[in-house]
Structure formats: C-alpha cells, structure tokens
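After this come two complexes, each holding chain A, first together with chain B and then together with chain C.
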Partner chain A sequence: MDTLLRIDVGAAKGPSVNKEPIGAYAGMGGRALTSAVVAKEVPPLCHALGPENKLVIAPGLLSGTAAGQSGRLSIGAKSPLTGGIKESNAGGQAAQVLARLGYACIVLEGKPRNDDLYTIVITKDGVKIEVDNSLKMLGNYDLIDKLRKVYGEKAAYISIGPAGEMKLTAASIACTDMELHPTRHAGRGGLGAVMGSKGVKVIILDDEGCKMREPKDPEKFKAANKVWIEGLKKHPVTGGGLPSFGTNVLTNIINEAGGFPVNNFSSGQFAGASKISGESQAALMTARGGQPTHGCHRGCVIQCSGIYNDAQGKYLSKQAEYETVWAHGANCGIDDLDTIQMLDRLDDDIGIDTIEMGVTIGIAMDAGLIKFGDKEGAINLLKEVGKGTPLGRIIGCGAGMTGKAFGVERVAVVKNQALPAYDPRAINGIGVTYATTPMGADHTAGYAIATNILKVGGFVDPLKPEGQIELSRNLQIATAAIDSTGMCLFIAFAVLDQPETFQALIDLLNAFYGLSLTGDDVTALGKSVLTSERNFNKAAGFTKEDDRLPMFFTRDPIAPHNQVFAVKDEELDKVFNW
Partner chain B sequence: MTVTVKLFASLRTGRFDLRAMDFPADTSAAQAIAAAGVRPEEAAVVFVNSRHAAPDTVLADGDTLAIFPPVGGG
Partner chain C sequence: MVIGGGPSRCAAGRSATIRLPPGDPAWGEALGLLQAGFLVSARIGLSARSFMRDILRFEDEYIEGAVSTVFIDSKPVDDIDAAVVVDGSLLALSAAMPGLVGAVMRRKSPYSSFRKAISYSSPLAGPKAEGRGEGLVRVKLFNSVMRDRGRDLLSRGILVAEAQARSLGAASGASSAVASGDEEGLVFLQVLEG
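Right after this comes the complex of A and B.
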C-alpha cells in the first residue's frame, strides 16, 4: 500500500493513469491521507465541481490486513455542500480490496473534456478506463446488477447514482457490501457530485490474486488482533446491543432522553418512536426472513448491519441505520418502517445522503409542500430527485437550498450540512461537535452522545453546558485518529471503556508497521488532521462565525425539557485550543 | 404510588416492555429496578421523566422510569 494512483480525467488523449510512490504522504491512511492530499493539492477557493478539485479515495492504515473491523474507506475532497474540506467515511468491501491491490489512495483529478461517462477497473494487472455511456443515469442497484455479470461477484464497486451524475450537492458515493448491494455510502457532503464532475460512474476493484497485507511482526500482530477482537466481543455495546438490534437501538434511548427531533426539529419526543425502534425493526426483520445481525464487510466483528425484507419476504434494503430511521421517520412525522425502508432504498439507488434527504423533506413538509406524516408524499418527493425534475434538483441539493427555495427559517444546518439525529438543545455536547467540526454538522466527528446519553467513557450531563467543550474536543481528536486507521468508529465504544482494547489498537499499528507509537502519538495524529482541515477551511473563507448552530437552537426551547442550546459562542471558540 | 416502568432492548427478554407498577412512598429508582427483576449491573442507563437518574433517586407518583442495558450506535 505504498502507491498513489493518480487519474487525470482531463488529459489530452482521455483519462491518464499515473502510479506514483507515496512519497510525502508515507505513513498516512484514511482521513489523515485524504485530508492531507486535499489540503496540499486543492486550492481552497476553487469551485468544488471545477478542475482544481480532487476526489481522494483512501483505505485506512489497517485496511486489507487481518485486523478485525478494519474495512472503512475514507473519501475526501472540497465539499460542494459545505464549501469546506470533507472526509466522508463508508463501510462495505472497497477499503479491504483497494488496500490489498496495493494502493494507499486513488486521486481523481482534472475535468473531463466531454460528457462521456467512465468506468475504471483496477486489478492486480493494472488499471483500465473505458467509456460506457450505456450506464448514464442508472440507479446504483441496476448499475451493479448489470456490472456484476461482467466483472463478477467478488469485485467491490464504488459508484454514483443519478444524483451524482446531476452533481446535486447531497449526492453520495456508494460502496457494495458482501452481497453486492450498493448500500454502504460515503453519504455526507455531496462527494457523489465531485465524482460526477470527474465523469466517473464507477470504480471496480478486483483483488483476485492479491494477498492479505503482511505485518512487519506477524506474531505480535496476531496476538494484538486476538486481544482486539476479544475486546470488541466482550463489550456489551459492540458485542451485544449493536449486533442484536443494529444502530437503531438508539431510537428509544434518544427519544426517552428528549433529544429525538420530530417534525423538522419542532419537538424532542416522537409518539411513534416505539413503532420505528430497533427493537421493532429487528423483530420485523426476523419475522420476514431478513437478517438483523450482519456485517457490512468481511472481517467485521460487530455485525451491526442487517437485511430488511418487504412484507412478501423479498429483499428491500439494508437495515436502515438509526440516522436514516430518524431522518425519514420522526423528523418527517412518519412512524412506518416499510416507508422508511423504501426511502432508504431510494436514497441508496439514487445515490444521495439519507440524513440530508430526511432533514430536507422535513423542511419541505414544514413549508407546506406536503404534510408531516405523508408517507406517499415523502416517497414521491424523493423520486423527483431521481428523475431530476426542477423540484427534485432543489430537494437533492439539501436542506439549506430547500429552506431558501421555500422560505423556511427553521433549517437545521451547520456549514450548510444538515444536522443528524440528536437535538442539541437536549444534548449540548453533540451541539458543540455540530457547530465546530470542520466537516459541517456531523455526529460522527465527535460523538458526544456516548458520554452525554449512553454513559460510555464516563458521563457529562447533556442538559448542562459544563464539560461539553472538553468532551467534544477529546472526541474530535480521537475520531480524526480512528478515521485514519480504517477502523469502524463503533470500536470507540469498547476503546473508551476498556484500556486494554485501546492498547490492542496501538499494538496492531505498531506490529503491522514496526513502530513504537504510544497513546500520545495517536492524540498528536488526531490534532494534526484537525489542524490541517481547519487551515483549509480558513483559507476557503470560514471564520469562527461559521462554527455556530442556527440561531433558533439558542432561541426556541424544545419539549420535553424546554431548554435551548446553552453553550456560549466564546466557549465554542475554545474547542481547538490545545 | 404508581410508576410507569419501561424496559428496552435485551432487558425485555423474559420480562415486559411497559408496566404500571405500584410502590410505597419513598421508593428509590434502585428499588424499582429490582422490583422489575432487573439486576443493578444490567441497568446501564436509567431515566426518570426523561432525565438521567442515579440509583438513589426517590420516585414520585406518576413518574416514568426507563431502564436501558448498555446500548450504542450512531
């Protein structure tokens, strides 16, 4: 994994392929690498859809190894949604396969000279780029069904749907899972539009003939991996709650805590929460012959994903994640799992971010375009996006755009990216992360829910401002480091509570690379990633005033706690003082 | 007094989802949890009326006690 694969889609004779030694980027993986390439090579003031922007696709430092849970892929660029730097992270098969093919990252750069649509095929024998305009405007499901007949069942596919081709600013990039369903998305920040602007429909990765990556010290690596996997299996969240109920186990607890936004962030508790909860979802999936316990990639230990069948027992979609269930459910006043799962399928097929779409449809409902709770109306609005009608293009450009188009003030975005499934008025810590992360509102960037609500890694009262800055700071640093390893972020539940599991992660890195890193080095890595990302945003025009929640969060109290977001602006400005 | 007791996720197995339970005055959250048949180490997160509650929290008539095992996601 010491080669950088650079593809210039604007080269004079058609896309050119250049394999370079990793050079100055040596020792980096995942988010550290995508953010380093973007920070160094992309002019911060460029247009995100212009020739100067680059799409960087990087497996993590431990991807492609035998390390459990190491299958996360980082995709980075300047975001067309936020205008800042973006790293969007996805599961699925791609990270492991790309790493085994020997690439530290793929960089798509330049601007295509015409409207041709390209496929890129990467095998051990090299890189082949072909025009295939027959794929234009195919949804991700039809696309993969077509391609799997040509490129086989063992390949991993990274693709965009119609939203990416139309360069909509909420477009996602899909990665296939073990069953070749295009269900694991780098969803946030509109990176699908950047891939679309490069004229690339799909990257097909086939690692046949490639070996698993070999550690420098195989014995130590094997020993560390044993402790690592045992740690993940013994923690009650990663070894119990997540595999049994999926991420949607959160619906009931966040609702109970009064932080489950309803009807476009107008209340904090949903009367229909129980109907769409992880408990109900898992029971329904089992009854219909689906699979509530399932891994999104080979080597997954936690197994939090799942397969959801319709009432006839036929595959409909993957088990919708908590964020999706909330966004398309409570936030739109919808309490029906089949509707939510259909919306999830449409999102995956069109290739668009589920969080952004749920928040956006909630805004359209608030504007009176359709009513809260209108199941068919929500499905039809999303279909408009796939068809590329003028209304669909507005919706497909996300919450900020739709709020402006329909004159809605209550638009829950930071840096123009929609807020996820936790109301910051009831859970102050996550509000600090939403406001300050360089990514725009993103729960994963510093998951304060763990300590504010779930009592993982200690407890900081969610209803008070005290302690939230330090909590978010520490989580943002840790997350930036974890996102660079290729590890699924859910390892944090075990790592925060179990010192020996944290040590096993460091031991894995040391044994693999022949290093002697300590916990301090991991912290330093996280800080360095965040610093480069913030410097990029500053050069792109962001100021401290961009590190704020929309004003309604500090003005309008929300039931049941009747509180507003209570962390002061001057405190928010201290998050990155280290 | 009557308290609404709610159990979630794995705590429901062999128990119940929601039950109105009668307790004497001054019953603590810990006592109510025990009365629901939940061991203290199983009750990872406890809410009384949507606020995190310590085991010694004294319950009042009409309260809602929600008990969760360790859960996470995101």
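Right after this comes the complex of A and C.
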C-alpha cells in the first residue's frame, strides 16, 4: 500500500493514469492522508467543483489486513457544501479491497473536457478508464445491478447517484456492502458532487489475485488482534447493544434526555420515539425475516448493521442508522419505520446525505411546503431531488440553501452543514464540537476515546465548567487520529472503557508497521491533522465567527429542560489553543 | 411492595392476562409497552437503587453491571443512591449506550460536563427519605434491560392504559382478554408465556 494513483480526468487525450510512490505522504492513511493531500495540493480559494479541487479516496493504515473493524474508507476534498476541507468516511467493502490492491489512495483531479461519464476499473493488472454514458442518471441500486453482471459479485463499487451527477451540494458517495447493496455512504459535505464534477460515475475495485496485507511482525500482530477482538466482543456496547439493536438503540436514550430534536429543532422529545426506536426496529426486522445483526464489511466484529425487509418480507434497505431515523423521523414528525426506511433507501439510491436531507425536509415542513408528519409528502420531496426538478435541486443542496429559499430562520447548520441528532441546548458539550470542528456540524468529529487514557492535554476534571471545551478539544484530536487508522469509529466505545483494548490498537499499528508508537504519537497525529485542516479553512476565508452555532440555539429554550446553548463565544475560541 | 403486588392491581381496578407462546411476534409489542413506559404503584421516597432492587427486583450485581444509564424525569442520574423516586416520577433505565452522547449519559460519566445543564440533582438528601407511603411511578425499560428483565416484569404484571392492553390483546389474537371500557383507564396487565 505504497502507491498513490492519480487520475487526471482533464488530460488532453482523455483521462490519464499515473502511479507514483507515496513519497511525502508515507505513514499516513485515512483522514490523515486525505486531509494532507487536500491541504497541500488544493488551492483553498478554488471552486469546489472546479479543476483545481481533488477528490482523495484513502483506505486506513490497517485496511486490507486481518485487523478487526479496519474497513473504513476516507474520502476528502474541498467541500461544495461547507467551502472548507472535508473528510467523510464510509464502511462497506471498498477500503479493504483498495488496500489489498496496493493503493494508499486514489486522487481524482482536473476537469473533464466534455459531458462523458466514466467508469474506472482497478484490478491487480492495472487501471482501465472507459466512457459509459448508458449509466447517466442511474440510481445507485440500478447501477450496481447492471455492473455486477459485468464485473462480478466479488468486486467493490464506489459510485454516485443522480445527486452527484447533478452536483447537488448534499450528494454522497456510495460504497457497496457485502451483499453489493450501495448502502454505505461517505455522506457528509457533498463529496458526491465533487466526484460528479470529475465525470466519474463509478470506481470498480477487484482484488482477485491479491493477498491480504502482511504485517512486519506477524506474531505480535496476531496476538494484538486477538486482544483487540476480545476487547470489542466483551464490551457491553460493541458486544451487546450495537449488535442487538444497531446504532438506533440511541433513539430512546437521547429522547429520554430531551436532546432528540423534533419538528425542525422545535422540541427535544418525540412522542413517537418508542415506535421508531432501535428496539422496535429490531423486533420488526426479526418478525419480517430480516437480520438485525449484520456487518457492513467482511471482518466486522461489531455487526451493528442489519437487513430491513418490507411488509412482504422483501429487502427494502439496510437497517437505517440512528442519525437517519432521527432526521427522517422525529425531526420531520414521522413515527413510522417503513416510511423512514423507504426514505433511507431513496437517499442511498439518489446518492444523498441522510442527515442533510432529514434536516432539510424538516425545514421545508417548517416553511409550510408540507406538514410535519406528512409521510407521503416527505417521500415525494425526496423523489423530486432524484428527478432534479427545480424544487428538488434546492432541497438537494441542503438545509442552508432550502432555509434561504423558503425564508426559514431556524436552520440548524454550522459552516452550512446540517446538525446531526443531538440538540446542543440539552447537551451543551456536543455543541462545542459542532461549532468548532473544521468539518461543519459533525457528531463524529469529537466522538472517540477516553481522553484520560490518552492523557491528551493532561487530565481533565470533568466537573470543572471548562471541561466542555477541554473535552471537545481532546475528543477532536483523538477522533482525527482514529479516523486515520481506517478503524470504524464504533471501536471508540470499547477503547473508551478498556485501556487494554486501546493498547491493543496501538500494538496492532506497531506490529504491522514495525513501529513503536505511543499514545503521545497518536495525540500528535490528531493535532497535526486538525492543524492542517484548520489552516486550510483559514486560507479559504473562515474566521472564528464561523465557529458558532446559529443564534436560535442561544436564544430559544428547548423543552423539556428549557435550556439554551450557554457556552460563550470566547470559550469556543479556546478549543484549538494548544 | 414489589411490582405486581396488591397496590398496582388495586390502582387499576381491572386486570387482564394474556398468554403468548415463546416465539410469538406479539412479544415485540408486549416488550414495546416497557420502552413506551408503564406505571407501578409502589412505595415512594426510595432511592433509584432501592427502587430497582426492591420494587423491580433487580439484583445488586445487575444494577451495578448492566444498568449504566438512569434517568429521572429526563435528567441523567449520576448517583443512584442519592436520586429519589417520588410520586409521579418517571424512571428510565438503560444499559451503556454507544456514541459520545451515549457515553455522556452514563452514570458518573467522565464526560458528564457535556450535559451538566440537565443532570439530575437530588432535591432530597438521599435514601433516608424512604417510607413515605404509596404512589404511582412511571417506568421505562430500554434495550438490553428491557430484553433481560422485560418478560419477568410482564409476568408479574404492570399498569398500562386500557388502549395499550387492548392493542396487545388484538396483536396476540386474544382481544377478548381485555374487556372494553374506559380508554383512559388503567389495566393491570399480566403477560405470561405459554
């Protein structure tokens, strides 16, 4: 995995392929690598859909190995949604296959000279790029159904749907799962639009004839992996709650805490929560012959995904995740799982971010286009996006655009990216991360890992008022580092509580690369990633005023706790003081 | 007095028993009653720990090891010995949850500062407030707590709205088990395997 694959889609004689040594990017993977390439090679002031922007696709440092949970794929570029640097990651099969093919990353650059649509096929024998305009405006499901007949069942597919082709700023990039469903998305920040701007519909990865990546010290690696997997299996979250109920197990809890935004962030508790909870979802899936416990890629230990069948027992979509259930459910006043799962399928098919769409449809409801709770109306609005009608294009460009188009003030975005499923008025600390992460409002930006295990920035007294700032800082540092390993972020729960599991992760990296990393090195990596991302955004024109929540969060209390977001601006400005 | 005993039965006025075979899909709806919330008529003024142990019959080991997340009236609780269950309280019980915010909500979480504005603070000085008579407490069981303890609680009986009991009766094919009456009224409902 020491090769960088550059594809210039704007080359004079059609797309050109250049393989080069990883060079200055050696030792980087995942988010560290995508952000390093974007920060170094993309002019911060360029247009995100212009020839100067680059789409960087990178497996993690441990992808393609036998390490459990190592199948996360990072995708980076300048975001057309936020205007800043973006890394968005996805599960599915692609990271493992790309790593086994020997590529540290793929860089799509330039601008195509015409409207042709390209497929890129990567095998051990090389890279083939072909025009296939028959794929234009195909949804991801139809696209994969067509391609699997040609390229087989064992390939992994990275694709865009109609939203990406239309360059809508909420467009996602899909990765296929083990069943070749296009259900794993690098959803946030509109990176599908960047792929669309490069004229690339799909990248097909086939690692037939490739071997699993070999560690420098196989014995130590094997031993560390054993501890690692045992740690994941024994933890009550990664070994119990997530496999049994999926990520949507959070619905009841966050609703109970009053931090579950309802009807476009107008309340914090949803009367229909128990109807759409992970517990109800799992029971329904089981009753219909689906699978509530299922991995999104081979080598997944946690198995937090699932197969959701419709009332006739036919596959409809993967088990919608917590964020999707919230966004299309409570935030739109919808308490019906079949409707939410249909919206999830449409998101995946059109190739668009579920969080952004749920928040946007909530805004459309607030504006009176349709009523809160209108199930058919929500489905129809999303279908408009897929068709590319004028209304659909507005919706497909996300919450900020739709709020402006329809004169809604209550628009929950930071850096123009919609907030995820935790109301920062009830949970002030998460608001600190939403406000300050370089990615735009992102719940995963400060997700991971026990800061007091890492001792990032010293021991934090969680009872001190300033703990929220320090914790957010440290969590963002740790998360940036984890995102660079290619590990699924859900490992955080086991790592958070079990120091030996965190050590096993370090041991895996050391055994694989023959290194002697410590927690301090992990901290330094996280800081380095964040620093380069912050510098990019600053050069792109971002100021401290962009590190703020919308004012309604500090003004309008939310039920049931009647709290507002109370962290002061000057405190927010301290998050990146290190 | 433990759940399923006289006070809850008396508070309802009416009772119903539904039998479900072990694999019956209606168990999903039955357990759903527990996540939506049910009432318990019980001694109040107990600490949250005592309520779980004495009323719900959770073992100490289970409380300590499995019930990692506790809410009273939507406020996350850190100290279950100091938190007091009073008449009209809503007590919600959960296992450890994923995500940063899941971790934030746990008892004595190192991330509790993230939710300090909504954390539970006891109005009383702890469990010494025990023994203040009977009252109605609303209880919710989530995720693995619901899965682990739900059938036992259902077999002992819970108080639910008549409409909920009738809905379960219809789902189980035993609609006649719940006589029609006041939709808003309470029914003492037992769900038994067999």
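In this text, the second predicted complex is superposed on the first by the 559 of 578 C-alpha atoms of A that agree within 3 Å, B and C clash if a C-alpha of one lies under 4 Å from a C-alpha of the other, contacts with A are read in each partner's own complex, and residues count from 1 in each chain.
We adopt the following convention: contacts are C-beta pairs under 8 Å (C-beta built on N, C-alpha and C of every residue); 3 or more make two chains touch, one makes a residue touch a chain.
The model shown is predicted, which means the values in this text are computed figures rather than measured ones.
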For A:S280, decide between first (touching chain B), second (touching chain C), both and neither. second
State whether A:P560 touches chain B only (first), chain C only (second), both chains, or neither. both
Given the touch rule stated above, what does A:N248 touch, chain B (first), chain C (second), both, or neither? first
Name the contact category of A:I430: first (chain B only), second (chain C only), both, or neither. second
Could you tell me if A:L471 is touching chain B, chain C, both of them or neither one (first, second, both, neither)? second
After lining up the shared chain so the two structures overlap, which partner does A:L49 touch, if you call chain B first and chain C second: first, second, both or neither? neither
Just checking: does A:L505 make contact with chain B only, chain C only, both, or neither of them? Give me first, second, both or neither. neither
Of chain B and chain C, which one touches more residues of chain A? C
Applying the touch criterion given at the start, work out whether A:A257 contacts chain B, chain C, both or neither, answering first, second, both or neither. both
Based on the A-chain superposition described above, do chain B and chain C contact any of the same residues on chain A, and if so which? 236-238, 240-242, 244-245, 247, 249-250, 252-253, 256-258, 269, 278-279, 304, 322, 443, 447, 450, 462-463, 490, 493, 560-561
Residues of chain C that touch chain A when the two form their complex: 25, 27-28, 31-32, 35-37, 66, 68-69, 71, 74-76, 92, 94-105, 109-118, 140, 142-144, 146-147
In the complex, chain B touches chain A at residues 6, 8-10, 12, 44-45, 47, 50-52, 66, 68-74
Residue numbers on chain A that touch chain C, as the complex places them: 236-238, 240-242, 244-245, 247, 249-250, 252-254, 256-259, 269, 274, 277-280, 283-284, 286-287, 304, 322, 422, 426-430, 443, 446-448, 450-452, 460, 462-465, 467-468, 471, 475, 490, 492-493, 496-497, 560-561, 563, 566
Spell out the part of chain A that touches chain B in their complex, as residue ranges. 235-238, 240-242, 244-250, 252-253, 256-258, 269, 278-279, 304, 321-323, 443-444, 447, 449-450, 453-456, 459, 461-463, 489-490, 493, 560-561
